[in-house]
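What follows is a pair of complexes built around subunit A, which joins subunit B in one and subunit C in the other.
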Partner chain A sequence: MRVGALVLPRKRWEPFAFASPSLVLIAIVIIFPLAYSFWLSFRNFDLSVGPESEFVGGANYVEALIRDSRFVNSIWNTAIIIGPSLVLELLVGLGLALLLSRIGRGRPIITALLAIPAMVSPVMAAMAWRMMFGVKYGAINNLGRQLGVIDVYFDWFSSPFISIVAIVLVEVWHNTAFMMLVLLAGLQSIPQELYDAGKADGAEGWRSFWYITLPLLKFTMMVGLMIRLIDLTKLFGLIFVLTFGGPGGTTETVAFSTYLAGFNDFRMSYAAALSYIIVGGVLALTLVFMWVQRIREMRAA
Partner chain B sequence: MRKLAILAVVLMVIALAAWLGLPVAEVKAARPYEGTTIRAVVNAEYVKYSLSLVEPAIYDKLGIKVETEVIPLDPYVAKTLLEFNSGKSPWDLVMFGPSFMPDYGRHLEPLQPWIEKLKLDFAMDDIPDVYKKLMLRHEGKIVSMPYDGDVHIMFWNKAAFERADNKKKFKAKHGYDLAPPKTWKQWDDQAAFFHGWGWDGTDRKLFGAGASLKGNNYSYYWWRPRFFAYGGQYFDAGMKPLINGPAGVRALEEMVKTIQYYPPGVLLFESEEPKTMLIKGEVPMLFSWTSTGKRVGNEKESLIIGKAGFGIVPGAEIDGKIVHRPDLTPGRSMAVSKYSSKKEATMKVLELISDPEQSLKIVMDPKTIMDPWRNSHFKAPAFRKAFPGADEYLDAILKTFPHVVPDPILPGASEYMRKLSFEITEALAKRKSPKEALDSAAAEWNKVTERRGRDKQKALWSEKMSEMKSVGIEYHPDWAQKAK
Partner chain C sequence: MAIALDRPRVASRSARTVRIRRAVGLALTWVTIVVALVFFLGPFFWILTTSVKANEDYFAYPPVWVPADASLKHYAGLFTRSSGARYFTNSLMISTLSMVAALLVSLPTAYSIARWRFGGGFLSMVLLVLRMLPAIALIIPLYIMYKLLGLTNSYLGLVIVYTVLYVPFAVWLLVGFLRDFPVEIEEAALIDGCSRLRALVAVVVPIIAPGLAVVALFSFIATWNEFLFAIVLTGIETKTMMVLVTSFTSGGTDMFYGEASASVVLGVLPAFVVAFMLQRYLVKGLALGGTKG
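Our next item is the complex of A and B:
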């Protein structure tokens, strides 16, 4: 056998050679941490015990899903925050996108202004809102008093229900702009001819929206929702600053719970297992989402 | 003549050389580590600021420069332990909470060999017993020096307690004289009495008392002085949690009843919010960290200078005697990293920053939030006259020392405390009954103990229990019933 036969033709290896710096970088900053944390999730590494750790199999996963009622509760808390946040972001985002698509002059400026909240970091947004929700000196309570609706001493974070309402409000304020931009792009990609044809057939206003805009925007909506869903499962900064998971554990999300396990209890392996449970959950939800979408498309076809 | 002239020139040259050379030699002797820079790690900007107060002295006397890194409080322990567990440390001087000594201790350099080698003087006789016995040692060896003496004392606004109208109304309602509370029963009565009206003679809506009840350990520190005053203890000798016994349940039930008299938002309050309310005259009383006293005396922000009272945190009346069990909270200590390559220079810095004179600068400055910890701090004339009432304030801290209760200083102390704090806030938020919450906390404590090895924890707890016994803290199952 000739040695030359083992050598790949230039055309085969050349693309890999060009891509190799990026591939190496990806391996170092993405694949290695993922693989290491997955390996860690099967051990019992605890920072306060020391660098030594043992293989414990799936014990961390079993503990998280069966014995750790606080983590299980945090899954529900996350779902309770995600549900209304997604619905409101979609509806308000769609409303704003439709309004913007009808504006001729000044649209870029108005769009840029409306997109500002999404550009603010979650921690900064949460700090600003924490001050606005403040008792006595907070802008919201003072406005509420002027309107005769609430007292300046109204505590937005004393009851579980109101705390969740406050978090959802801030979340919607912060991220609706993203949904608005995605949907605006979707709206602009719908050909004007379809509306003109619809108009000729008598479809205007509500009917045009229902029979033309909405069906053609569905895919964009799904993409937007999926991105927001993935992002919301990582909800952390807002919770850390606004409520620290409280009152009690009402607003502890899965990401916050994972942070507490790793950085407050020092259980790095357990925190790694919780992270993989979250990844698994998001992956499952995304697959279900895509599957439902595909079935709908097939039925429509 | 010529010889004389030569001699005179030679003498002048020698004199000139001596004049030029001596200061250089003197400076060299005064700055033996010139050119050395050490790295310190602390958990807040105000701690970095506190070090900056003594940095000129460190440079003048030792020639050492200090570079300080700040890691925020919340991830501090995890991030520093992560570095230490790699067997290296980017820092020479390390700040840590002594409650986490079992987690940090093995990474710290014992002081004794260096005390002998470098003839260091840490003025150990000037340190109160409570710190010497409970906070400085790891496996019997001294590895750190106090930096921030954290205990809780009580503060009150004299306007609330001395107004004739308030006294009259209170006596009519409760049948005893209005005075700063000595027991938790009196605290609760007074919080209810003061809440919702202008007890300062104005028509403002004011609050019954201040508190910090956030779930990341604050609520635990507000539950603990009641729990121990009612005879509680963390564990029995076999590591069975005692927190869900009658003492714990009574303490939490009382807190759940009294929370309505605290300011709105109290479930998210950390240390500074209620302090601000106290110094702005919005709450009549608060028990908190001793640094509150310096804010009370800071004329730039305080409205109650000269009108504030200072005393020991309330307790429980047991068989006619009042038992006080105020918190000894983690505080801050400074130590030298075992992995430092500049141990000698860092030891000298540790000696200097712990020195009575230098440490006084740190604890006197209101912006540092560092609390006094040396006996000499309490006697320092400058500190005792620093603001009106400063002498009363310092005496209140001294009076508190013999009664303080430390954290459960065990491996995983943070986890034990955080699980309990979480369950306490569950009860305060009325998501669980006090008994249910404490039962859950006890179950969580058992899980932590099992995971860390019951026998290992039991052995360490046995040592800690003896230390606590040596300062008079024991389990009294009958006190929860007896306490008035």
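Our next item is the complex of A and C:
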């Protein structure tokens, strides 16, 4: 025990006094609203109708998951965007991390430069790219024409498929740097001795990557993927600027369609129910992910 | 004899191929890195040059990639015609106020956790839940509450949300910095008759100032970048840069490029500063959602 602790007996109220400002604020601004929203999700509060509302049981939840094809579609849209984004971010991020770990001089500055997109807000990233995709003045059409790759001004957001491709491209541009930073930190924590030992046993190049780097990086990859997965379920600003859910609602994500239910249609109770479905979905995804991890560990052991 | 002579030659040839292979590998590494730099930074370069182009450059073919004479005309237009000056000030004010408030609220909490082993488990749980919680789940009840309390379209309303959203992250980082701080210095001050609060302000704060700066910068950029709460809770007077920039999309696929690109340049400026100043902390900050708000 420290001398100081003996000399100065602790006052019981002090820890609480020091912690109280943030605890009170969290209770008022986060916990209470979430509870209120849960209560609201079982009512039919609609700002465009009036301040009165009544209890409707689980009607909002039933409507969202069975009758509202728009929301159900938005779940699929979100999944279609998340899948390729996660794969590409992991592969490109891993590639960049491996490259960066091979260069000595200039690594810090290049890492910082590559990390800049991840520091930018989704809205700004989407705005920059939306202008790049611009039909007549955009960099992509102009460059394509100059290089002779395309001969007409192409509208990148006219078809659902190409819109999704464009969203995934911007998303990968925006967040690959995060994967790269996480994996670079993971790579640097692998002790050099393992590679030396591997070399003595004849493991070089691909073999040392496959048998040493990859197994030791697996956990870091899983953590990185998990964080990206959770973040991607919140995809909103990017969609808002890039496509606003179009064409014809084919790029509406769950967060975006909930926003529309709340702040376009003003169906507050319904939007609250949608947001709780999202919370439940994210929670389930997280649990499944952790469960799969556990089974794998048990198999490995 | 012949064999003995042959051996070293073979060895030196393989040494040479190894050297050549290594040089080629290094060259390929650098080529790929340059390609990656062009892909990840190219859009910034294009936005910057677009923001200083003259109007006729937008129509020109072949396209003007680097304008011959740069003009700040679009920035002037953004600041006056599109009220950009006001929205830029709003962003600065809201981010600065939230940053200060988040530090003031989270420092004592972090101190209590670091010194008294109190509530650490609860904190990490709150942090985890907040990390997973979609902002959309919070904005719906908050909007209704703010409407009732008349807090929409005010600095105060946004600053309160941003402060609270940022507190768990700030506390988590600060606890780390405080645990590295030698307790003995602080105890000397306490023995000399300082109160806990005075010891924290006068002794601990000056020494952990660099750590406070890291937290402050992350909270600044998180608030600067935040969009969902900003677009729902702000009105015509309190819009931030993130809300302003979306107003340019109403022009369809070929919007007014000059002012739109100028506002993007101003909007991404803090990201550049922070990426370089906080290199060592980027992983931690990004993993905890420190830049997304």
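We take it that the second predicted complex is superposed on the first by the 278 of 301 C-alpha atoms of A that agree within 3 Å, B and C clash if a C-alpha of one lies under 4 Å from a C-alpha of the other, contacts with A are read in each partner's own complex, and residues count from 1 in each chain.
Keep in mind that, in the parts below, contacts are C-beta pairs under 8 Å (C-beta built on N, C-alpha and C of every residue); 3 or more make two chains touch, one makes a residue touch a chain.
Computed from a predicted structure; not experimentally measured.
**Student:** Report for A:D155: first if it touches subunit B alone, second if subunit C alone, otherwise both or neither.
**Tutor:** both
**Student:** Could you tell me if A:D265 is touching subunit B, subunit C, both of them or neither one (first, second, both, neither)?
**Tutor:** first
**Student:** So, A:V135: does it touch subunit B (first), subunit C (second), both, or neither?
**Tutor:** A:V135: touches subunit B and subunit C.
**Student:** After lining up the shared chain so the two structures overlap, which partner does A:V120 touch, if you call subunit B first and subunit C second: first, second, both or neither?
**Tutor:** In the superposition, A:V120 contacts subunit C only.
**Student:** Between subunit B (first) and subunit C (second), which does A:D231 come into contact with in this model arrangement: first, second, both, or neither?
**Tutor:** After superposing on A, A:D231 lies in contact with subunit C but is clear of subunit B.
**Student:** Touching A:E14 in the superposition: subunit B (first), subunit C (second), both, neither?
**Tutor:** second
**Student:** Quick one: subunit B or subunit C, who's touching more of subunit A?
**Tutor:** Of subunit B and subunit C, more residues of subunit A lie in contact with C.
**Student:** Pick one for A:Q146: touches subunit B only (first), subunit C only (second), both, or neither.
**Tutor:** Touch status of A:Q146: second partner only.
**Student:** So in the superposed three-chain picture, is A:T250 touching just subunit B, just subunit C, both, or none of them (first/second/both/neither)?
**Tutor:** In the superposition, A:T250 touches subunit B alone.
**Student:** Look at A:L90 in the shared chain and tell me whether it touches subunit B only, subunit C only, both, or neither; answer first, second, both or neither.
**Tutor:** A:L90: touches no partner chain.
**Student:** Shared contact residues on subunit A for subunit B and subunit C?
**Tutor:** The overlap between the subunit B and subunit C interfaces on subunit A comprises residues 134-135, 155, 157, 244, 262-263.
**Student:** Quick one: which bits of subunit B touch subunit A in the complex? Just the residue numbers, please.
**Tutor:** So the residues of subunit B in touch with subunit A come to 74-75, 77-78, 81-82, 85-87, 100, 102-103, 106, 205, 214-216, 263-265, 267-268, 411-412, 414-415, 418, 422, 425-429, 431-432, 447, 451-452.
**Student:** What residues of subunit C sit close enough to touch subunit A in their complex?
**Tutor:** 26, 29-30, 32-33, 36-37, 39-41, 43-44, 46-47, 50, 58-59, 61-63, 104-106, 108-109, 111-113, 115-116, 118-119, 126, 130-145, 160-161, 163-165, 167-168, 171, 183-184, 187, 190-191, 196, 221, 224-228, 231-232, 242, 245-246, 248-249, 253-255, 257, 260-261, 263-264, 267-268, 271-272, 274-276, 279, 282-283, 286-287, 289, 291-292
**Student:** Under the definition above, what is the set of subunit A residues touching subunit C in their complex?
**Tutor:** 2-4, 7-8, 10, 14-16, 18-19, 21-23, 25-26, 29-30, 33-34, 36-37, 40, 45, 95-96, 99-100, 102-103, 108, 110-124, 127-139, 142-143, 145-146, 155, 157, 173, 176-178, 181-182, 185, 227, 230-231, 233-234, 236-237, 240-241, 244, 255, 258-259, 262-263, 268, 271-272, 275-276, 278-279, 282-283, 286
**Student:** Can you check the complex and tell me which residues of subunit A touch subunit B?
**Tutor:** It comes out as residues 44, 47-51, 67, 70, 134-135, 153-155, 157-160, 243-250, 260, 262-267.
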